[in-house]
């Protein structure tokens, strides 16, 4: 992933200061402990300004990590479900794709969510009578990453989509954030899918309506900040503070940033110490929200009952 | 899987007693701690007698569980590599498929082996100079099971094969054995692929040249015996011992077997207590053997060096 | 563990038929999906008849495996908490001990429960104001097993008890049951602690008031049946059915049982295929129940909030 | 742990520049891919200058992460064994202690090493004839961390030492390094034990001859750098480059460093993305080295054979 990449539309917008950009609508709401920022990129002016495609970007935030089984977790799941319902077709098969590498903790969010998705597509002809007419067909796959499979992830998903023929795809991924205080405290949902080159897993091809032929809703959670980003930010803050603005200094700074960043911090990531536990909590929140969105005709207590 | 299913050709053959069957060739060899039984089913007579398709079945056995990093492990890996080389085309892309469910320990062998396969297909245009001309293109996938993905495993593999276009598939699976002393002590390699309905994971469609269009070599290790099999065997032994052969008794027995077996032992499996550790050891043996077979131009010490 | 060992007092009592034993009181109640059997062994006659020490044995049962986050789980947790409150002193430090081997799935229940216990003893001088006077001091340890540590588990616990000086110990352990339909569907709570030689982990020394100097409440869940038990039971059923009661047959049978059982089934255990998932569910139920019993002054939603 | 803490004696010495310090001896050697720095702190002058107790500090370094089963791994294990043999008594019981939290990946090194230690103390009266007179008594424990157990780790180890009465303790721990390029590439072995407050797990009491009454050899591997350290270093580099040395600027800088570091980077750590895999490799290297040092009368291939 690029060094300066901003993965959250909310962050991109914030970096433009207070004034609203042309072609961009922003709405901010608070629901107790959960905040919601909705960024709508309406046209090419907005797309260029924020460096991402036209569409809707909902970002849910909270101030603390979600602990097990709390009201905060329920609130996040419910808001996630609400956002998904607003972006997905109301009926038809859905395929949930968990991107990332199961064996690299901060990149394992997608596969872990897939583990807890209520999968129903295979029941088609064997739905128990009590559930008849109430189950939406859902399938799920965690395709792995290029270095593990030797196959382009997007190609593999394309062939699965060709086989399953869903009306929409929900793609879950770990993100690299710009700000360290976003880690594990933020969920971004967007109807624009996943752009090429984004994400911790660095997928070369995008996953979106253009590449898959069906709408793709992406759900992402920042799990890391690259160490290089942290160093870069520290240096930029310093530059501002010292008001070093003449050209000479700036050049020295740029060189220094490159040196520190590329030579010493290459592939290092910054995570909370207890990222293993936070990953589990976040995966549970996402799976609960996605299951609720995809199975509106099931009562909440029925979903865990039906899990294998 | 069926109750009386015999997963090892070697067992099937043994159950026919000493005399050789028409249409079947059997060869038994000993290499120190490792034994090798090669069963060749030559024609339809043999196929019917043993209840499996024509082809070659190599079974490697040892008397004790393989411990970490021992000469026994190396011997098993080397014999596995040898058997695979004899069954696979000498060049061209190979796809390794790990069948089974990663979250059910005795069914996780396939996915665990895939984790340790040296995957090279994606390096095509980026092979380091020192390796030029020495790497065979290998890709790998653990597609999950129907209940987790909602998709027929065989269908999913078919679409991946359509995309990757390998010259052969190596499919790794956990088996259910007939004899408890086969568990984790036996590796079966066959060029007939995987038949419908076999294996712990109970795949509905087969994986073989007919369904995939390319040769499929299956590598399987018995990880469980069904509890019902154990009970059934105990009862049969008793019948033999008591020489209860008149019809009345036999009927009572059959009824009893059905009752015990179906009502009380349904989905229970018999495993060694330390199946978690044995699975890790067996996965390492299989991955080492498969990597050696697929990369004959690499020195043994180079393969771990190249792993991600 | 001994072959014929019965780990549940309920099973031991049931095997004596309908009539009540002298020195034993049995009470059976139903609470919807959860059943509760309370066996009180009042004196030596009862202790001899049931082969276990005087004291109270509460067994909670349900007909199906507990799925994630369901009302059945909540009911089991609540009944467990109730039983514990009845057996533990009302105040003072409590030490929770998780017995078993974390790396052997069916033996990992104790360590997994300990992972989810709310530990508070170290907060003594740093309790947040909002919790002042509401936290009971709890510590927890998973001491491992003899083969992993080289130390007698009971000795290690004794030295920890000498250091922590709790008023009571709660010891959690995996059990081997007599009946396969008890696996993962039963919780036994007893104020007699753990007897020498019981349990999957086969602890040589007991954990009880005699050895530790403080009351020990044991919480156990059957996670396996030994394969030998299954075979033995199948044979006994057969004997009954065939009414083979003359001496000759009986002798042949006994010999057969020994042969089948000791030669072929030694260390094999019978478990459900999805024991990994069931273990997680059961660990969550136990931890929730134990936390609720030990922290009666906390609201239910506060406990997860306080977990690390 | 303190922000500026340097965990490696080698780093502490290096930060003093080229000249040798009084009371300190430093020796540097190269063995192919493995480098070895031996720092001997001879007296109080040296102890003060380097901020750590008198004793011997051996640091093994390599330029790349160790991959599975390579000659580099074997070289590191062998050098580790050699250093341990030089610091431990030649005979008598040894207790291996794995410090840290098994559920926090970068802090799990100690517990993971303990999993792979050959434990023999419990065999005392049951040593197989072929091993008689060749086994040193070894026990092992992973005591957990304060937040998980509610007990001071050092207190718990003290009571275990009182029970086991070893002649020496080997304590394994994850460290936080000063330099990001030390992560997973460095092993430090010291006969001074573990000082209070050091390590990722932040143990309040030290583990050394003073607190335990027997020699303590500590084996540590840097698994993280605190994010704050990275930011701090970036800023210091910048200061040097810009030659901002007058007082005003320096004050502004100090304030900035504090602000960036304490408000935004609190508990964040920097690790390689694939720390899960690196942890496994490093645990295997350490366990192999420790086993070899403690069992010099066993051939190398016998040790894995004897593992449970």
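All chains are identified by letter, namely A, B, C and D, in their written order; residue positions are counted from 1 within each chain.
In this text, a contact is a pair of C-beta atoms (placed from the backbone, for glycine too) under 8 Å apart; a residue touches a chain by one contact, two chains touch by 3 or more.
Only a predicted model underlies this, so the values are computations on that prediction, with no experimental measurement involved.
Shared contact partners of chain A and chain C, listed by label: B, D. Residue numbering shows that chain B and chain D use the same positions for more than half of their mutual interface.
Chain A and chain D have CA centres that are 37 Å apart. With centres taken as mean Cα positions, chain D sits 42 Å from chain B. Chain C and chain D, compared by their mean Cα positions, are separated by 38 Å.
For chain D, residues touching at least two other chains, in rising order: 103, 274, 277, 308.
Chain contact topology: the protein chains form a complete graph, every chain touching every other one.
Chain C makes touch with chain B in their complex at residues 103-107, 180-181, 183, 200, 224-225, 227, 230-231, 233-235, 237-238, 241-242, 244, 249, 252-253, 256, 260, 264-265, 267-277. On the chain B side of its complex with chain A, the touching residues are 102-103, 114-115, 119-122, 137-144, 146-152, 155-156, 159-160, 162-164, 308. Those residues of chain A that touch chain C in the shared complex are 67-71, 274, 277, 301, 304-305, 307-308.
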